[in-house]
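Common to both upcoming complexes is chain A, partnered first by chain B, then by chain C.
Right, the complex of A and B next:
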């Protein structure tokens, strides 16, 4: 009697969450998966009349064969493969350094966490301003009004004040490599705080005895880092790498922040589009079948990469 | 003989200790140098945003630039405020943020309580299934939710910005963990005293979990402030537009000859509330964030 009353009450507490989850989580899973396998599915066409869609892999074949998809895939994977290792290593070095100092540690820790609490669109606009060149670029005799602070610093360091001595990072006529470089810098800048926070937390929980033992053996700092710190920190490192890859494959707003909804420099819109950007593009073109297929592909990639990461860390992570 | 051996060894030891000390100071100095350099890189965009927002357009375009504005132009802020209609955007975002945080907290508390304290069939299975959905990228849900909200007639409303995201498995997980730490004896004692579950939840468990609830509130509010993709898709009209979308819409050009001082003033205004939250509530954000791995 009491038992069934408890049951009934538990479901009452769960009811609001369950109802919302059924509508906005469970149904989408079922519906998105089924739309992906209905060839050429589109809400508009369906509303237009009595049409049936063929069941098959057509959406997937269409998406994978599309040149935009290949470009988006290339961008996403490149950004992931560069930004995740770079930001992880930098964050590790900063965390270890923070852990090794006494005075000013709290203040520096606060500074390094600051980029976390920012709006990626807003700060993206600041980065764009820093890399932007004002003037007529690409003409035979470029007239430059303002080089932008990044180019100003480069000019200052190189000591070359020739008006042609500047790098076109994001303006009309800029190269793909330079665009990617700016994106990498911005994404790494954005990714550091979370990684530093997690790694520093891990460092502080390492038993001091290991370091005392290393001191007795007077092991050099570098060896202490590679032989003690990194192995003992490996669960945390695995964690930031996995979440880094998951976040990296969903990269989108940071590119909107710097390049706007063009997703690329003015002369080549869409050049820096990513997987997520592609999904929203197809959605706005009312191509739900294609969008669903692309989303499932993204899910598959994330799943595979996470499993690989877990496998690697099973072998390498020292618990 | 033995005497001199001893002094020699002592001398040796002193020598190495001086050597070590020197090395220690050197490496410590290197560490500080590295940290200061990195801190400079981290802070520079903020510095550039603020000083650019205070310059006149003519001064901004100077090359090499001034490192501090010659004439402080506060009028950029007024211009940014009206150009981007920031007042309206601010109100919209606050409204959506507050309502969705409040509703989300209530739902999260109820759900976490059921999972932490009540007994029902299939509890473990259901909880595992919920956790599994966290692996699925949000885009997969968005595609169908977009059609759902259209057929519900919710396009361009506050409802569409609030309701689809009220349940967060991550928040439920976070709060459940916290609830589980509260000793069961307390619950049984309350039962003996004839306290109802509902009263126990609000009088004992909620106050004891306040830090987690504050973390959730901050993350949820920051989520509303930074949300961009979903609002752009479903509520990008003048009346309901959120602040990030408004910022992007008002300043579409990021490259070329743009009025950057005004643009930077708008960016600074949008960043200011986040900065204040950071200064005063950093502790709660950090404790929430280190367990999440997701932004906002």
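Right, the complex of A and C next:
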């Protein structure tokens, strides 16, 4: 009897959280799924009166037929496949280095953590300024106000002060590869702090005695890293990779931060669009059905990738 | 490979810079470990025995003093280059590697001339595994092994590269009593088979006595006595060593020397010619008592424990410094004890006298 009373109390304490979850998480999920299958669903149309929507896959077909769809898929997957491994490896090396040094560690840790607490739109604008070339570019006599700090550095190092010696990273006429390069640098840099934090925590919980044993076994540093640190850290690495992929598939703000709502350089708007970008586009067109369908497609992709990740990590992660 | 320790000292600085509570873990350790011998470093916890071992391994740097392997000064040499094998107290097997990978790991790190082809490595790994009898466990992970098996894997990993020196840090502390007995014999056997100079650390005197060629008894960083186990047991240098070695422990009495006689509680118990008159602490090994109705040492009998081979007699005496006196009497002839009192005479070579203040041995 005491037990059931206790249980009742437990439910009572959980109630506020459950109510909030039901209103703000469970109900929207149900709603999203149902909207996705109601063809041409729109909040405005519905508000207009007694409208019924046909049930079907029309929204999905509409999304897939969107002119940006393939490009958005390509961008999203490409960014994921490049930035997740690169940022994970960099974070691992930085974490190992941070773990090895004594003084200055706290200070460096703080510096590496700063991107995490900074607004990503703000960082995006700073990146845009760094890679920007301000002025008129093209066949006319160049009147350039600023090359941006990145080009300044390149010009300084190359020692070539010719006005035409600059790389067009993000301005009108820039190439897709350069756009992606800037995006990759930004996303990797932005993804580092969280990964470093997790990996550093993992490193600090590894028993120091394994390293003493490795010393006794005369293991060179590189082997210590690959044969001991990485395997012992593998649960953390798996966690960082899986959350990295999930975050990567939801990439959006970083592109808005650098390229603005155009999702690309002025001459080719939408070139850097992503899946989440498509969802926003649909919402702006008041096409909630389409947005829901796009969200479900994204959810499906993330689900599949995460399942693959889990499957791989089962084989690779020790313990 | 002999190991020479010269004035080896390790001081751990105090944590708090203002206070001056630095710890002298090892104080001026001077010893030459002969080639191919098994040496037991023995002492209570905090006596500096593990620190000494880790200084030999190179994992800890001495504050002063030198370490030689043979003729080579290795004091400044890093652990990686010393070519030692070390078995850690909790084994430190790499949890993500199989037994085979664990044993192969030191071989894979060999460089230069020592580098060997894969088949040779495997052969050597299996040879080491055979030595410690774990060939059938090669594909298991450490978490799937018992403590004793893990310990053997740790020994195999330490031995596989044929180290110049094998170091063992309390290797038996995680094993149950029976396995401990069995494993210590095995360590002895492996050491004899390989002839590798071996140093092992323990706080268990029985363990050290049973397998070591020589034991080093330490207390608070200072070496108390070095010698063959039997010699140290038979002739302890001071009260600490006498108390530390032997089970059951030595019985300690307050006594007095007067005119060449040893008195305990006023009764003359032994002739000790050549000792100046002075108050002394008397140590008597449990096997140093002889049941004797006319014996001079009268104790109050509290208990008789029959253990088959021996009889252990528990008694008390007002001048005993221990709460009880335990004597061990051979059970060959029938022991007939009754009443309230038990009387002993003493075997003089089992009786040790110590200075009351310095606790140093007084020889007679």
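The rule is short, and it goes like this: the second predicted complex is superposed on the first by the 295 of 319 C-alpha atoms of A that agree within 3 Å, B and C clash if a C-alpha of one lies under 4 Å from a C-alpha of the other, contacts with A are read in each partner's own complex, and residues count from 1 in each chain.
Just so we're on the same page, a residue touches a chain if its C-beta (ideal position, glycine included) is under 8 Å from a C-beta of that chain, and two chains touch if they have at least 3 such contacts.
This structure is a prediction, so every number in the text was calculated from the model and none was measured.
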First (chain B), second (chain C), both or neither touched by A:157: neither
Which of chain B and chain C A:232 touches, first, second, both or neither: second
Partner chain in contact with A:223 - chain B first, chain C second, else both or neither: second
Which of chain B and chain C A:10 touches, first, second, both or neither: first
Residues of chain A touched, compared between chain B and chain C (which is higher): B
Partner chain(s) touched by A:170 [first = chain B, second = chain C, both, neither]: first
Partner chain in contact with A:209 - chain B first, chain C second, else both or neither: second
Where chain A meets both chain C and chain B, residue numbers: none
Touching residues (chain side chain A, partner chain B) in the complex: 3, 6-7, 9-11, 13-14, 16-17, 20-21, 23-25, 27-29, 31-32, 35, 43, 90, 93-94, 97-98, 100-101, 104, 108, 110-130, 132, 134, 144-147, 149, 152, 155-156, 170-172, 189, 192, 194, 197-198, 201, 221, 239-240, 243, 246-247, 249-250, 252-253, 256, 258-261, 265-266, 276, 279-280, 283-284, 288, 291-292, 295-296, 298-299, 302-303, 306
In the complex with chain A, residue positions of chain B that touch it: 27-28, 31-32, 34-35, 38-39, 41-43, 45-46, 48-49, 52, 60-65, 106-107, 110-111, 113-114, 118-121, 123, 130, 133, 135-148, 150, 163-167, 172, 197, 222, 225-226, 228-229, 233, 244, 247-248, 251-258, 260, 263-264, 267, 270-271, 274-275, 277-278, 282, 285-286, 289-290, 293-295
Complex contact set, residues of chain C against chain A: 57-59, 78-81, 83-86, 88, 90, 92-97, 105-106, 108-111, 157-158, 161
Chain C-facing residues of chain A, complex: 207, 209-210, 212-213, 215-220, 223, 227-228, 231-232, 234, 318-319
